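Two complexes follow with chain A in common, the first pairing it with chain B and the second with chain C.
Now for the complex of A and B:
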């Protein structure tokens, strides 16, 4: 239905527009502006124009490169394990006849727990002297393991991040599977297509749109993840090895009180998010569809 | 100002220790007589409006006495009493444990115009921005209308928290000291002497390590603050420690910070010192799984067995220029009234009344019951644990006291230093380069 009076359209759109402009675009434009200044306090009193100085500093800043590397690794891991495991679990659960609701609840449960609570829980598991993992190892007569050492810390941080969201993609994909008409499977079965062949030739192709959506969500989610890694590995512990772009940016702004440099990192995060999302969207778009 | 602050703190500590000796038998300590004509609490609130004149008002407060802070219980009790006594004043309390995140939240709240009406926060570099922005009211301005405001607080203490512009804004409650808390029972178990010099410290570390006891509870990846200050103080002495021209004392800084690696290589810290947090290592010390903890007096309130614990200055490192008795100590926190509350006629008197209740002599006496130097003459403090009494003695014996480095070091420089400590401890970071970056960021 088309409204002749366009004013009503604007009235309905206004609340969202105001919120999006006020809390997203305006701060982002302000971040771009601030990224050209050296701001030495959170109040923004000591502000000196330095042009591209903050961007030049990024090239010299080792922590930025560590954060960038970790963020990209986590992004790939999110696509492979969050969306991938979600798909596998959805296919498995779809094939069981009884208890689907039980599995839906169990796999979705971590989503409803706050990331901070999950972070604290994993902290207690990883703790060297009092952690659950090391207590179990000691019960088995093994030596304690330093779970959050420089070599393993990023993996240990990634595990709960991925674990928390597997259920989210599982539910989305399972919902997509249930939307596929049963007649297609029945016809295929008459033609002798069963089991894995049905999965590869019917289910996955028909789920391509849903899978693409999940991949884009996993990528954007990984690019902006903050809370869980910050709780498990405060300030990129140990030695800044687990910094992600989000956690490093937070530390630069709020702990180091350098909002100017932090704004430059924020611009980098947004640019990276846009570039990766567009690239993935382009790569996954086939001639048959209009993309995600 | 620092010298003056030091003299005041020394004076207070000496008086307290003297009194402590008198009352040791019954575990009572005479608090320092702050000023001769210190009025009683009743006098402080004398000029305030009567309750029935008070209109209904809501004030928002923020303090560090929340969460796991050992004084949270005392604060809550005083707050409840205030609510009971002042039914027309609604207090919205947003207190939380003070850490770097808390400081950041306070700074952003002030920057965004979301500051509370009254706040208990840090003085010095952390207060600089809110003072520059005119967000808090000076004592002189408040006293022009409420002459008895904070009149029970020692003038010397108030002078010690004078800010860069010559004004005093904060009303301190208690001073602090930092020192090496030692579990005497654990040391006795392994026939170890108190680590009063570096040699004894090394012996203690090696022996405890051999017996699977963590020698020193420290979270270098989370809160290495006290270690940074003490190692630089120990190496360079108080003159180098307080020298804000870091380039001039760079060698002392580098040599002091090298002891992070020395101690790390000796296995003095927990295995996960670079990734664990302060709450866990404090609990480790509390449970007797670690023998030493470098902390501030506020930690005493959280100890389960404060009578088994003593506190001493960190042993001077070999070749260090500090006197063995030198410590980090002073007044670095206090209550502020924000300009926003002051300019609101309905809130002005309520804010004054609230801070007067929180800084009343009786209240200060309760706050210092777990340690710390009172900012007013609180008389005898009963039931002090051994650790607190030893803390007063340590203060009294100190040849020199200085404020922590982060009371003057620019935030970006301080954060660089904090973030670099795990790397310095493992040897991954070049200390000279780190100090150079700190110098650049401090400029």
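Now for the complex of A and C:
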């Protein structure tokens, strides 16, 4: 049933519409517009139209390629390890008879902690002089390691980013598993499908929709990562090796004070998100799927 | 026949339960131990941490000095207050505006409804990077930079999409009969909303409140961009500042700061975890 009196509709919707249009849609459109300008100040007062100049600059900008490469690697790693580990842990927790609630609580809780705090925590572990890892190494009589050197820094930044959100996908997938009717397993057992076979022939196929949602969430999440890399490896330290598109964009806009170019990078981030999500969605859609 | 299968299955299960728990506890230790380590070290003098960060504190080595520094030198109390003002306002505004909009979308039929509903959900897809420059320009023109309200407004806008997804989902599942009788008795839409719909939708409002609070409290990006004066810093921004100033030197202070940031969130989480996990999966699975 629907109400007849329609006067109230726009009054109740107004605050939400004003905020969402004013602070999400309008700025987004403006970002696209600004990406065709050379903007010299954050107030956006002096700007000159340069057409595709910002986009052409991206091809010459080595830092963009580094951050694009890092972001794509992180995205793949996020899908494989976040959704993957989440699935494995969910399957394991589903088969234990005790302590399910404990595992849920403990696995999920890094998500509620701010990435800033987690970044600081990992800084304390990675620190060269007296960090947790090097203290462990010294206890074992080994030499200290520079954890955030050029070769390892990106890996070291990715580990906490991925670790933090494994529990998120774990909970979503576990909820999906709990929703599968018990009768399916019982009748499968009668047909001789048991143990591991049940996982591959029943659980995973029935979860395909949920797993796909998780993959898309992992992808869009990885493209948005900012806080953790910013705290652990400020400004792409060492020497820009750990820039992600998000952290590089911030640096371009607020440290290099080039909002126009930064807007072009923002457009690139959104485009990437849309393209990858659509691609994953199309690749993983089977005929009997009702879609994501 | 099936009895045999089930029995075999059960017998194979027994030793593997132990293996499963060992694997699961290994992962659990990665989420628990670092925090215990930080918490433990926050009560140690920084010179002791440098020598041995693993030993548990005892009465002779423990000290509150790091916390004293955090509150006096870093003025972490003021940052708590800033966080509370900002995140509290965001939570209230998101629940109020989101609730009104969700009620309309769940119950009314009007021109453009589908488009509006879809574009409200699609707003979830915009990363903060894609809007930050124009948002900053707008706030500068309105003279809201370095003011709490300058963070409150964009954070409210950014959290409305999630709120509406959750609330519309819940409100559409409420049986309409309650409201119908209220209409017959001549209640206004506002009365129906505030006296019937909101009380019945309480569980979904609490999910929205918890998540909005966590996201707002933890969101460093917007805090960093809009607030550039120390006295306006909420907790995350202050933490970021401490990290860049004392990162390499004062481990004790860092550990205390991390602990102080985590504790309120940890309390909220442990009290409300059922709501948090349920609400989250409802939103995410529906997509």
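Criterion: the second predicted complex is superposed on the first by the 272 of 292 C-alpha atoms of A that agree within 3 Å, B and C clash if a C-alpha of one lies under 4 Å from a C-alpha of the other, contacts with A are read in each partner's own complex, and residues count from 1 in each chain.
Simple rule for what comes next: a residue touches a chain if its C-beta (ideal position, glycine included) is under 8 Å from a C-beta of that chain, and two chains touch if they have at least 3 such contacts.
All values derive from a computational prediction rather than experimental measurement.
Once the complexes are laid over each other on chain A, chain B and chain C cannot both fit and instead clash. Set against each other, chain B and chain C touch different numbers of residues in chain A, with C touching more. Touch criterion met: A:246 reaches chain C, while chain B stays clear of it.
In the superposition on chain A, A:229 contacts neither chain B nor chain C. Contact with chain B, but none with chain C, is seen for A:148 once the two complexes are overlaid on the shared chain. Of the two partner chains, chain C is the only one that A:115 touches; chain B does not reach it.
Of the two partner chains, neither chain B nor chain C is touched by A:84. When both complexes are overlaid on chain A, the residue A:103 reaches chain C alone and has no touch with chain B.
In the superposed model, A:43 makes contact with both chain B and chain C.
When both complexes are overlaid on chain A, the residue A:256 reaches chain B alone and has no touch with chain C. Applying the stated contact rule after C-alpha superposition, one finds that A:237 touches chain B and leaves chain C untouched.
The clash between chain C and chain B in the overlaid arrangement falls on one stretch of those listed (99-107, 243-251, 261-269 or 279-287), that is 243-251. In the three-chain superposition model, chain A touches both chain B and chain C at residues 42-44, 123, 127, 129-130, 234, 254. Residue ranges of chain B in contact with chain A, taken from their complex: 100-101, 104, 107-108, 110-111, 128-130, 132-133, 214, 221-222, 270-272, 274-277, 280, 283-284, 289, 410-412, 415-416, 418-419, 422-423, 426, 428.
Residues 1-3, 5-6, 8-9, 12-13, 15-17, 19-20, 22-28, 30-31, 34, 39, 42-44, 85, 89, 92-93, 95-97, 99, 102-110, 112-117, 119-125, 127, 129-130, 132, 135-136, 139, 163, 166-168, 171-172, 175-176, 189-190, 192, 194-195, 210, 213, 216-217, 220, 223-224, 226-227, 230-231, 234, 245-246, 249-250, 253-254, 259, 262-263, 265-267, 269-270, 273-274, 292 of chain A touch chain C in their complex.
Residues 1-2, 5-6, 8-9, 12, 17, 20-21, 23-24, 27-28, 30-32, 34-35, 37-38, 41, 49-54, 96-98, 100-101, 103-104, 107-110, 116, 119-120, 123, 125-138, 140-141, 153-154, 156-158, 160-161, 164, 176, 180, 183, 189-190, 193, 214, 217-218, 220-221, 225, 235-236, 239-240, 242-244, 247-248, 251, 254-255, 257-258, 261-262, 265-266, 268-270, 273, 276-277, 280-281, 284-285, 287 of chain C are the ones touching chain A in the complex.
Taken in their complex, chain A has these residues touching chain B: 40-45, 123, 127-130, 144, 146, 148-149, 153, 233-240, 251, 254-258.
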